[in-house]
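Dumping the structure here so I can ask a few things about it.
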Amino acid sequence: MIQKIKKILLTKQGKKFFVRDTENDFHTQYGFVKAKELKKKDGSKVKTNTKKELTIFNPSFIDVYKKIKRDAQIIPLKDIGLIIAETGIGKESKVIDAGSGSGALACFLAHLVKEVTTYEIREDFINIVKKNIELLDLKNIKIKKKDIYDGITEKNADLIVLDLPEPWKAIDSAKKALKVGGFLASYSPSVPQTMDFVNSINADKDFVHIKTSEIIEREWEVDGRKVRPKSQGIGHSGLISFCRKI
Amino acid sequence: MIQKIKKILLTKQGKKFFVRDTENDFHTQYGFVKAKELKKKDGSKVKTNTKKELTIFNPSFIDVYKKIKRDAQIIPLKDIGLIIAETGIGKESKVIDAGSGSGALACFLAHLVKEVTTYEIREDFINIVKKNIELLDLKNIKIKKKDIYDGITEKNADLIVLDLPEPWKAIDSAKKALKVGGFLASYSPSVPQTMDFVNSINADKDFVHIKTSEIIEREWEVDGRKVRPKSQGIGHSGLISFCRKI
Amino acid sequence: MIQKIKKILLTKQGKKFFVRDTENDFHTQYGFVKAKELKKKDGSKVKTNTKKELTIFNPSFIDVYKKIKRDAQIIPLKDIGLIIAETGIGKESKVIDAGSGSGALACFLAHLVKEVTTYEIREDFINIVKKNIELLDLKNIKIKKKDIYDGITEKNADLIVLDLPEPWKAIDSAKKALKVGGFLASYSPSVPQTMDFVNSINADKDFVHIKTSEIIEREWEVDGRKVRPKSQGIGHSGLISFCRKI
Amino acid sequence: MIQKIKKILLTKQGKKFFVRDTENDFHTQYGFVKAKELKKKDGSKVKTNTKKELTIFNPSFIDVYKKIKRDAQIIPLKDIGLIIAETGIGKESKVIDAGSGSGALACFLAHLVKEVTTYEIREDFINIVKKNIELLDLKNIKIKKKDIYDGITEKNADLIVLDLPEPWKAIDSAKKALKVGGFLASYSPSVPQTMDFVNSINADKDFVHIKTSEIIEREWEVDGRKVRPKSQGIGHSGLISFCRKI
């Protein structure tokens, strides 16, 4: 049984504290907040014993999402955004993903669509996914312990997302599970994987390759006249190939 | 009364044709498809009189979205994706945007969230938004003909998106309409606008600046061993600043 | 016999005209400049018959370089810059390049280093290189009509630059021609070429792979408060792999 | 009196050791190399007492350049490369830079051009520049302890590079020192600086703004089939504005 995040405390500088227990005083680097303060209504100001002011509010989905357990490397938000935007999935969509990893993508999409089925073969990952689903209180994700290369039980999916070492081995499974016009998106960190996947798709008469893109996010510093891309830079995550079943 | 898109015809090369009238033969550059073929069930193969094979299917949201009327410059999908991903809006969210422009963002978000209110002062743009809502068959968008600098009627919004020449003038309006913990996202093509907006946010005790980012999408060519970023490049659209009400 | 560029006429807006004949009036879109005006001294202002003011000056190397004949695709300045900067070649350096193509890289480097030898097998390209050398008035380039895969005559080179379809086939030739500590740089538009080249280098005990980079140049628009990356974007040219002989 | 770098020892993995004293054994993490081995001729293989093989060779300019003392932040090689490439300076060019900082740019350019004059007002920086010039054994750099905003003594320069907090204040000085057709390049980390500089240039009838660019270098990892941009990313350094005197 995991402990839910009940309240967020936010400073003016953007620092967040996550309160899981509202029955006891909550300790921060700025001193502690009394338990009874933690019950104030959403949007109230509370003070620590050192007079630091914090805003208390109920966590949004994104606040909790950023706290999920992540044992496998998870797909960054910028890339999740592209998948949602390019495929136009919505409240009525049926989505499948494989492999689950920590379940980050499955959880994010479940918050937006009708139902998500996530395939994973590793028991340890499945346990993390279960915890993350519980933390986020999601009711519309099914976990399947099965190798997606061996087939997909579901039919008529609007979108299948692959995050697999050999995504070309899942093309046949995906073909049977997708509706006509449905999207197959494959996410790969390395170029040779992307190359082999797209070349396989191009050789398959039942798929169209729509586009392959990488998303570079440049975060900016804005402080008075100091306005410039941040110096640390943002690294590479992966390329995403979008295909469509015909 | 606009004519809805009833069917998509898709070639193996990814070329799409949009069928609005299924009562008459449909003409393409590959010859014509007979009217009775256009009534075949979703996912069928049809042939033109020159034997070109096409797949016929019911349009997805994204197919129709790409056909909306766009008189004002619209925000690209890569940037819409970031807004969705960074704010974690979902099926229960209330969203406000200003100004509507062609309504592209309002329409895209309406497909994902509970309700969208879009503010616009130009009558000509409002007419385009209405047509696009009808084309996409969306029921959860309200259009307000009002200057958002003068106030927002709605309360308790999860997200407000600004695409305005002087977004700093909308900060007070946004503050009153957002729930605590809600997001204010401002999209600006130019750096000085972004600078003035973020500096105003930083001076406002009721907002936290979370991040400002630009998204660069590099599309790749993958064809056998010809695997490389496309040579045409992708241009600049805008910077997006994410803030949060405290 | 080619006609040299004798004078440049430059407008305040940055538009350049190239005068090859100073004995006759020179015609521009802004009217014509009288022949005798074309003999004014370097840095003078001259006027067209329509009173448009132009500055007349002797061409710099870069002015003429930008006018070279280019039948093959030439390597962009941003990439030439990286090659110069990463290898630290200078006035005493001996450089070899293959294939010449239009000779752009050979000409640019000849302006900076002691001597350049350029290998090319196509007669049509060699003729273009000869014209470009003459146009730029360079005295320190040797052209060799020979396949570099079959060997390099020169010894003790400081830098060898490859712009070849199968650069890995030139590794042995380069090894014999480079001094110890000398650089081998290979420029390839496609990733699989780069992959095969670098993997070959890594398997060769006489070379160290220093780095492989791509250079993305973003040009900015600056006009009052309209300050933003240009919307047209800059495309992909190639990846450059830097290696060193040990 | 500084100690020159006499020899480089390079491993197959690309790790470099810098030998300043060849009279004594040289110690590395792989054990030590005997003094008499350090006198072997350029390009020889030497072994440490633990049998690690190293190649010994005389340092190239770039090897020593990478070891210069850098108290101020120095301009990265990718940006130096663009300055060289866009302006086409060469063996006959006269260059001025201000402020010197650690002298990195002045030293790099001195290796390529006829003469460099570098302006700096801080005594501590001037001392670093002197050491770096000595380390690199450059004979064609003059250091001036003077504020460039107050004027430049030299005339007829081919290129002036500014790396200053308020570059627009140096426009008048630069104008008098440049030849007609000569380049003024200004390097600024922040966008508002760039904006104010370029807007000043555009208002000045004696200069043309050619272009403003930023250079993004993406370093790639290439190891078997692991072929992808490196995950750490490359940060922002600055924007470079190129102008020309008319």
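A, B, C and D label the chains in the order they appear, each numbered from 1.
Keep this in mind: a contact is a pair of C-beta atoms (placed from the backbone, for glycine too) under 8 Å apart; a residue touches a chain by one contact, two chains touch by 3 or more.
A quick note: this is a predicted structure, and the numbers were derived from the prediction, not measured.
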Legend entry - Proportion of interface numbers common to chain A and chain D (over half same, under half different): same
Legend entry - B-D against C-D, pair bridged by the larger set of C-beta contacts: C-D
Inset, instruction - Measure off the straight-line distance from the CA centroid of chain B to the CA centroid of chain D, and report it in whole Å. - result: 46
Inset, instruction - Averaged over CA atoms, how far is the centre of chain C from the centre of chain D? Could you give it in whole Å? - result: 21
Inset, instruction - Return the residues of chain B touching two or more other chains; collapse runs of consecutive numbers into ranges. - result: 191-192, 195, 214, 218, 225, 227
Legend entry - Interface residues, chain C side, partner chain D - complex: 8, 10-14, 42-43, 55, 57-63, 65, 77-78, 80-91, 108, 111-112, 158, 179-181, 191, 194-195, 198-199, 202, 205, 208-220, 222-225, 227, 239, 241, 244, 246
Inset, instruction - Note which residues of chain A are touching chain C in the complex, please. - result: 191-192, 195
Legend entry - Touch list for chain A against partner chain D, complex: 189-193, 214, 218, 225-238
